[in-house]
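There are two complexes below, and they share chain A, which is joined by chain B in the first and by chain C in the second.
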Partner chain A sequence: MGRPGIAWAVPGVLFFVLFAVGPMALVVYLSFTSWDGLGAFPSVSGTGNWERLFDDPTMRQAVWLSIVLTAASWLIQTPIALLLGVWSAGRQKNRAVLSAIFFLPLLASSVALALLWKSLLDPNFGLIAEIGPWFGLEDGNLLGSGRGAMAAVAFVAAWQFIPFHTLLYQGGARQIPKSFYEAASIDGAGTVRQFFSITLPQLRNTIVTSSVLMVVGALTFFDTVLILTEGGPGTDTTIVPYLMYETGFQAYDMGYASAVATVLVVVATAISLLMVRVSGFSSMRSTREGM
Partner chain B sequence: MKTATRPEPRPEQRPRPTEPRPRAPQARNDRGLRGRLRSVRKWNVPAGVASLVWLVIVGLPLYVLVLTTLRDRDAYFDEGSLALPGDLTLDNYRKVLESDFFTYLLNTAIVTVATAAIVIVLSVGVGYTVVRTLSRTSQRIFQFFLLGLAIPAQAVIIPIYLLITQMNLYDSLLAIILPTAAFCLPVCVLILAGTMRDIEEEMYESMALEGASQTRVLLQLVIPLSRGGISTVGVYSALQAWNNFLFPLILTQSRESRVLTLGLYDYVGQFRVDIPALLAAVVLSIVPIFVVYLFARRQLVNGLMGAGGR
Partner chain C sequence: MRTALLGSAKTGRRGFRRRHAVTLTAAALATSLLAACGSGGPGESKADTLEVWVYQDASTKVQRDAVERFNKNSDVKAKLVEVPGEGYQDKMRSAMGTPNAPDVFFNWGGGSISNFVEKDMLVDLTPEFEKDAEFKESFIPSILEAGKVDGKYYGVPMRGMQPVILFYNKEVFAKADAEPPNSWEDLLGLIDTFKKEGVTPFALAGTDAWTELMWVEYLLDRIGGSEVFQRIQDGDSKAWGDPAVLETAETIQDLVDRGAFGKNYKSVNYTADGASTLFAKGKAAMHLMGSWEFSNQKANQPEFADKHLGWTTFPALPDGKGDSKSVVGNPTNFWSISSKLKGKQREAAIEFVKTASEDWYAKALVDNGDVPTTSDSEDLVASHDAPDYAIYQYDMVRDAPSFTLSWDQALPAQQASPMLTNIQKLFNKQISPEEFVDAMKALK
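Moving on to the complex of A and B:
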């Protein structure tokens, strides 16, 4: 019987090449120019940006801060999202009601949430001025110190993204066959034991998916940093994407910013490949079998 | 970035929400059942306490958010954010609505609808090819899109800026729509390919027997049977467009082409220390999605998760 030709895919492929893949190649090219963001199409000016990149203490710090933020995000978000997800997978009424509240942050844009947290963390008038002292933060000036600002960014990221990962784990936990638990409880296994010997192993794939998304998300965390800390105090929360933005669109050093962005492309592509490899997306035959 | 993952179980696979479990009590060993109930009760205490702690962590900021927007600016500064307000006022909302809020909202609506439309048309075409064409090329195309799954927009924003200025699209809504749509494609192709693969081979065969053209197969078989996936794709791309900040920030400038997220960011400068008015704008920006959440929760959640709905 007749099958459709490639023609149906052509518009989508061309569009994707023009606005996503093409730019990926173009960013590498731009990293060899000294474009200032204005005027005609820039021409190659040499490897200066790359030599500078490897010597730049701000870039080194940005890479370090990105790694710290990624690790902190994973460490904070994974256990909480996993427990909340498994908990909310239960179909009790109280759990359903509370879950509906827990998922509310999902409805807001990252800009809206960053503005909310910026005002909550205001050392003079924000919520933190009132409850900070309970946690040993007398002046409430969390955003004033480097470590504090970084902790604030990690916290806001967690507050914003835990609901999403909770939903992932909820979906995962609901697919574990009930009979596993029934068999375990006949054998006398308590809930804690059941969690570690049934729930956790069964959620293996969900943990992989959620972790990959967390890592990619943390590497590209930008909106919140721009609004909450502007990379400061000093450069203490200048993570790689923010450094790229600042260099490119505030200092108009697009060539160097492109070199920074190229690093992001490489890391993201590596993670993308890993994701396809680990999850087996490309060999998947149906949504029901996936992951 | 949000990506396709396991689908929610379909309703018919679900146990009914009533508790206890549907198994009849006499069907099992009495001691086992009681033992299980006891262990459930034991576990519920720490879980219950933890969930209440989390309720405070999530609920308190949201409570302060809503409360602050209902207060007078001076009262907020004098009494602090936690104090119970004396007089509630809607003045802050009036202030926001009298600014350019509706322009921003309209722009966001245009961007959202246009992005979703472009993404649906393009990804249906790609999905159809990937699923129905047996050639190597179509497998390549699929893998090509998968590669794009984790390309962060920040990484390519500089070349996109160059591209958009060269195309003379800078500071137009199209400048936001085109790249946003392109960045939705990988997830959407993945979702649609998954949904379309579930269509039975026999149905294609019976349409082929009737001598249907490829276009008719697409319009009368593939699209109707992938409605769930298409709605997920639509919601997913609409949310991406609605919440996008980076593309508007870099690619637009003037008030006329400002979308809601950028408008919020702009209010920081406009309202300055008027925190209650700023937060009223934040609340107003959430309201439309909240309304969708109330009326189409399942579709919204599927779209958020990028899960292949059916």
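Moving on to the complex of A and C:
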């Protein structure tokens, strides 16, 4: 048996071309047109959308907000998911029950979760009206301030996605051979030392995988923003994907929306490539070299 | 029920619609891209049917009856497609450029169809109105005017009227020993009165920019008269530079500074009933809202709606040029006909949309709790569930010298969407009145 023939790749490639490369090429084309989504396919009308893109204050703000959200998501989610994942890989009492509970948010649809949090954060009738004052929010007006709304989006995203990353880390942690820990305890290393010297280095590839998913996920994050804040107050949570939606499907300016979309594709691809390259993930070195 | 009642309103465009847009977005993008490639093709409608699209809510019953009646006497059969309200605008908009476009469809007039008019996709109904004086006179003139695009009629009014009304909570007013405002001074006085009482003077759903738009619409109408927005609607973006627009924006921020809307209006919503509940529970004294607020309160807080809900007109401003009888809001919804229909099918479609002017149709609307837009319907309106309210509304609209269509419906989406964002920023004081004017002038 030799290598499988090239023909085996055809279905996958076709699928990818039809549903990923094709639409992407169309979007790039549309970004050079002015089209309201109606009637004949538009002809190229120049680089107007791209010129507008570079001096649109809303776009600049959206890029900044996307960066903030991405950074916040990574900083909040990674440590929590990592610790929870490592913990749930163990053999403690009640672990299975608690893990199942932690896992629940991932099972609900993100629309349902966003609606749920929107009710909880309602300044007049939500839970926050009662407990807001404990945190110095006298009028429970979290979603009404730019920073508060952004914090709420980051929090809901974390609440929703930490279980998934926990699962990744759990799997990763279970792969680490027990003998490492046995050897370490013979040498007198405590739990903390074991975590930093064995668990963390062994999870390197898992961290990269989880981070790439997190970053790309945060860059293309959309549904929670749509429901929780509608990009507001004003434009204070209008991240790039939301701006793209609003331009395309509220204002029906498909040309400009396509330019925004193209930027998003390029940036998200570049960042994930960069992360893979910098972290050495691409060379696929095993974490268990020399065993 | 609530969804249904609200659904007949402009929420259809900005409120509910967004929630479901998540899944729709992907679908719509795919359809519109594919749509662009195909023209003609298999979706061509059959010669003996008419596909009629309608926004599905509590009022759909009336259109169902209309289709049934029409089919009895016509060779060409109408087929009603009820589109759930939340997705209506997206679905209609995505379908219009494609072979799957509806033959006859529900819309909001003005900007909701102006893109279609530009592309010559709709049948110009002006000749029908001119040919048949009785047909034209069967509707209240200000309503028909409001639905015009480029001076031509493309729609036949087919649902109830939805003017914006200043509602007040009688119980809260009685407690504060206050009277509903007759003038702007009264209104400013009431703000202080209610603040002392610990009540928010006006409920405002600041997360839904279209509720804030209602304030801007009435203020500009009272300050500068209905001509100012008419010029804007006619495509003169310089009209945003009219001093009345600046004064409107300044008045808005003055109201915000005076605490007219309380402190946390920025995170109050309308679509999940935030503002309406605040108002009904007596936490707010007044609420500027579309006429559907009545049926909404009736469904959710029936006792409040029956006993304590009062209504009045938006007061005039000192030195304002506008007529305090003028009205803003959604005049009604319209039937429009796709221009792809030819011959017998087109004739049948015209016959079908004309059924909306018949007496039984107006009666069916009243029985359903709507206030019809047909002229000479006083007697009919008196048989409404809530006759006082219905007659008030009917007279208000009939006697209005002008009925300004909600701006987000009157302007094409390319301008309406950024306009709503700018209005929200104005209320949130994220931009100054001058910056607001500049931003609006820049819209193309």
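By our rule, the second predicted complex is superposed on the first by the 257 of 291 C-alpha atoms of A that agree within 3 Å, B and C clash if a C-alpha of one lies under 4 Å from a C-alpha of the other, contacts with A are read in each partner's own complex, and residues count from 1 in each chain.
Please note the rule applied: a contact is a pair of C-beta atoms (placed from the backbone, for glycine too) under 8 Å apart; a residue touches a chain by one contact, two chains touch by 3 or more.
On a predicted model such as this, the values are computed, not experimentally measured, just so you know.
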Partner chain in contact with A:Gln175 - chain B first, chain C second, else both or neither: first
First (chain B), second (chain C), both or neither touched by A:Asp36: second
Chain touching more of chain A, residue-wise (chain B, chain C): B
First, second, both or neither for A:Met254, with chain B first and chain C second: both
Chain B versus chain C as contact partner of A:Asp139, first or second or both or neither: second
Chain B versus chain C as contact partner of A:Leu127, first or second or both or neither: first
Touched partner set for A:Leu106, first chain B, second chain C, both or neither: first
Partner chain in contact with A:Ile227 - chain B first, chain C second, else both or neither: both
Contacts of A:Leu26 with chain B and chain C, given as first, second, both or neither: both
Contacts of A:Pro201 with chain B and chain C, given as first, second, both or neither: neither
Chain B and chain C contact sites that coincide on chain A, given as residue numbers: 23, 26, 37, 41, 111, 115, 119, 122, 125, 222-223, 227, 245, 248-249, 254
Chain B residues touching chain A - in the complex, by the definition given at the top: 1-9, 14-15, 17, 19, 21, 23, 28-29, 32, 35-36, 39-40, 42-43, 47, 50-51, 54-55, 57-62, 64-65, 68, 76-77, 80-82, 118, 121-123, 125-126, 128-130, 132-135, 137-139, 141-163, 166, 178-179, 181-183, 185-186, 189-191, 194-195, 197-198, 204-205, 208, 214, 217-218, 229, 242-243, 245-246, 250, 260-262, 264-265, 268, 275, 278-279, 282, 285-286, 289-290, 293, 301, 304-305, 307-308, 310
Chain A residues touching chain B - in the complex, by the definition given at the top: 1-13, 15-16, 18-24, 26-27, 30, 35, 37, 41, 80, 83-84, 87, 91-92, 95-96, 98, 101-112, 115-117, 119-120, 122, 125-127, 129-131, 159, 164, 167-168, 171-172, 174-175, 178, 182, 185-186, 188, 190-192, 205-206, 209, 212-213, 216-217, 219-220, 222-223, 227, 241, 244-245, 248-249, 254, 257-258, 261-262, 264-265, 268-269, 271-273, 275-276, 281-282, 284-288, 290-291
Residue ranges of chain C touching chain A (in the complex, touch as defined): 18-19, 21-22, 24-25, 28-30, 32-33, 36-37, 39, 90, 93-94, 96-97, 115-116, 119, 121, 206-209, 263-269, 272, 274, 277-278, 283, 412-418, 421, 424-425, 428, 430
Of all residues in chain A, those that touch chain C in their complex: 23, 26, 36-41, 111, 115, 118-119, 121-125, 139-145, 222-223, 226-227, 229-236, 245-254
